[in-house]
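The first chain written gets the first letter, and so on, giving A, B, C and D; residue counts start at 1 in each chain.
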Amino acid sequence: MTALDWMALPFLAASAFFFLAGTVGLLRFPDLFTRLHALAKADNLGLGLAVVGLAIRSGSAAVAVKLVLTWLLALVASSTSCHLIARGARREGVEPVRGRR
Amino acid sequence: MTAGLALDVLLAVALPLVGLAAVLRRDLVQSVMLLFSLGVLLAIAWARLGAPDIAMVEAALGAGVTGVLFLSALARVGPDDAAPRAASVRVALAALAAAAVAPVALAVEALPRAFEGLGREVLARVPETGATHPVTSVLLDFRGYDTLLEIAVLLLAVLGAWAARGGAPSPRPPAPGPILTAAVRLLLPLMVVVAGVLLWVGSSAPGGAFQAGTVLGTTLVLATLSGGVALPRVPPWVVRSMLALGFAVFLAVAGATAASGRALLRYPGAHAAGLLLAIEAALTISIAVVVWALFERDPEERRAEGEAGGREGEAA
Amino acid sequence: MTAVLGAFALFCAANVVAALWRVLRGPTAADRLLAPQLFGTTGIAVLLLLAEALGAPSLRDVAVVLALLALVTAAAFALRVAGSSARGEPEP
Amino acid sequence: MTSAHLFAFSGVALLGAGLLGVLAHRHLVRRVVGLNLAGSGVFLVIVALARRSDPPDPVPHALVLTGLVVGLSATALALALAVRLHRETGAARVPEEDGP
């Protein structure tokens, strides 16, 4: 374990936490729209933190730039996908839950 | 590396279970989603198996276009309303499937745990080809005739799909909406750049015509789905020429090498790298248009209908 | 550190497999598409971690491809499946 | 058990699941799903067995690379035929199977 590894570790651990949170949200939240919310936010944050951790560890600017670009692409794609899924679901007549269940 | 082995076990167990679920679920949309999930898992499995070339194509097809093809077909065909078969019949069919694959499992079991294969021979002779990446050498040189015929198969499949779709009423897709349009406008040039990079590095690293072609083809499918955003309009004959380009260039090189007294597709050493790149570039364009054409209708027919919104094209 | 990266990759892959439950549960077709979307994001993380752990930089290219093309299934779902059944398109 | 053999057996099981799909369903799209799975299973067996050497044997990789694209074209053609059959007969099932 080098110094860079130790610096990367907290980011990787935090990313694992957010991935877990996203999965729990996907499995436990009451309706489609809240589940989308869990995915689009928690998971992309998890990916971002993983990218930061790996970029630190790589110690190479070129690799770091590539990793960050990958994350930005994933952000654009996944936010658009989530929008499309929500829109498609509304057209199908899926309604969000209201109030407590 | 125990975590790696645990990951292998997880994937190896999950893959057939996901496949079984895709087969057994009643709802077809669900089956297709499971198939798509399987594509992502397979991409990780290819990565674990040291096959990044295959992982790239899987990421574009298995986790992309395949699902699109199924969803498009489902929108036209409708759900499976057949009554489920009797439990005894299902058990018998499962036993039949198990009996059919049991000999394969036994054959795999009988194979030695370590086997050199052709890896050493390939690596020894890679310098004779125009590429330094072994998979590219195998694909375009050692087994070039095989690849040549496979491109012909792709063309035949496109002709078949176009013929089967002939005379179908055009679906009127709903408007893609501003967000998808904007995202596609943003991503499209990047995808073309990525495909170009994959093509360029293909001679020395994982990448090449099949990877670049499938990425570009998926890009065309995405652009067509979003109502033809950022796609140039080109006449049908251009589309057809691009479909045939890869096969034509490959065949011409094969003919030229045969005519110059060499073995079929044995490239002259001095020009090997250039010839390979030319073939790969032509193949990339053709594979991209093939992937798009497998999903779309014959553009000639669209034009004959005088359809106002008919757009087709190629961004490369 | 390779072992640690491998463990993180394993953890992310376990998340992917757990999310399959949502594909089976539904209840709506859109719900079933959610898990594959999660697969996209988490799958990218797995590939990036593996690229580092296995010392295989080309896996980063695979991750880029996955990131770029994850959109296509959602687009097909939203524009073909959801759209067609909502408008009650008659079977030809 | 090596990872290579683990994935090879996984591929065999996937092949079995795909065959079951082809055998068990009348709906043509479901059969194409089964064919697709069976194809993936076969590819997995081939590439897993190539992993038995280090570095992996590139020849099977090249085979599967083309195989994936050809598999996509087969899937597309089969689906186009199923849709056409549905258009002609109103059902995406093989007609003979609907006999008495």
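The criterion applied here is as follows: a contact is a pair of C-beta atoms (placed from the backbone, for glycine too) under 8 Å apart; a residue touches a chain by one contact, two chains touch by 3 or more.
Since the model is a prediction, treat every value here as computed from it, not as a measurement.
Participant: Counting hops between chains that touch, how far apart are chain A and chain C?
Facilitator: 1
Participant: If I average the CA coordinates per chain, which chain comes out farthest from chain B?
Facilitator: A
Participant: Distance from the CA centroid of chain C to that of chain D, rounded to the nearest Å?
Facilitator: 21
Participant: What is the distance in Å between the mean C-alpha positions of chain B and chain C?
Facilitator: 18
Participant: How many angstrom lie between the centres of chain A and chain B, each centre taken as the mean Cα position?
Facilitator: The mean C-alpha positions of chain A and chain B differ by 28 Å.
Participant: For chain B and chain D, what's the span in angstrom between their mean Cα positions?
Facilitator: About 13 Å, centre to centre.
Participant: Spell out, as numbers or ranges, the residues of chain B touching 2 or more other chains.
Facilitator: Residues 4, 11, 48, 50, 65, 72, 74, 76, 78, 168, 174, 180, 183, 187, 190 of chain B touch two or more partner chains.
Participant: Touching two or more other chains, which residues of chain C qualify?
Facilitator: Counting only residues that touch two or more other chains, chain C contributes 29, 33, 35, 40, 64, 68-71, 73, 75, 77-79, 81, 83, 85, 91-92.
Participant: Indicate the residues of chain A shared as contacts by at least two other chains.
Facilitator: Within chain A, the residues that touch at least two other chains are 73, 77, 80, 84, 87, 91.
Participant: Would you tell me which residues of chain D are touching chain B in their complex?
Facilitator: By the definition above, chain D touches chain B via 2-21, 23-30, 32-34, 36-37, 40-41, 43-45, 47-53, 55-66, 68-70, 72-77, 79-84, 86-87, 92-93.
Participant: Can you list the residues on chain C that touch chain B in the complex?
Facilitator: Going by the criterion above, the answer is residues 2-3, 6-7, 9-10, 13-14, 16-17, 20, 23-24, 26, 29, 32-33, 35-36, 39-40, 43, 46-47, 50, 53-54, 56, 58-59, 61-62, 64-66, 68-73, 75-81, 83-85, 87, 89, 91-92.
Participant: What residues of chain B sit close enough to touch chain C in their complex?
Facilitator: Residues 1-4, 6-7, 10-11, 14, 18, 21, 25, 27, 29-30, 33-34, 36-37, 40-41, 43-44, 47-48, 50, 52, 55-56, 59-60, 63-65, 67-68, 71-72, 74-76, 78, 168-169, 171, 173-174, 176, 180, 183-184, 187, 190-191, 194, 197-198, 205-207, 211, 215, 218-219, 221-222, 225-226 of chain B touch chain C in their complex.
Participant: Going by the contact rule set out above, which residues of chain C touch chain A in the complex?
Facilitator: Per the touch definition, chain C meets chain A at residues 1, 4-5, 8, 11-12, 15, 18-19, 21-22, 28-31, 33-35, 37-38, 40-42, 44-45, 48-49, 52, 57, 60, 63-64, 67-71, 73-75, 77-79, 81-83, 85-86.
Participant: In the complex formed with chain D, which residues of chain B make contact?
Facilitator: On the chain B side, the touching residues are 4-5, 8-9, 11-13, 15-16, 19-20, 22-23, 28, 31-32, 35, 38, 42, 45-46, 48-51, 53-54, 57-58, 61-62, 65-66, 69-70, 72-74, 76-78, 80, 82, 85, 90, 93-94, 96-98, 100-101, 104-105, 108-109, 111-119, 122, 134-135, 137-139, 142-143, 146-147, 150, 153-154, 157-158, 160-161, 164-165, 168, 210, 213-214, 287, 290-291, 294-295.
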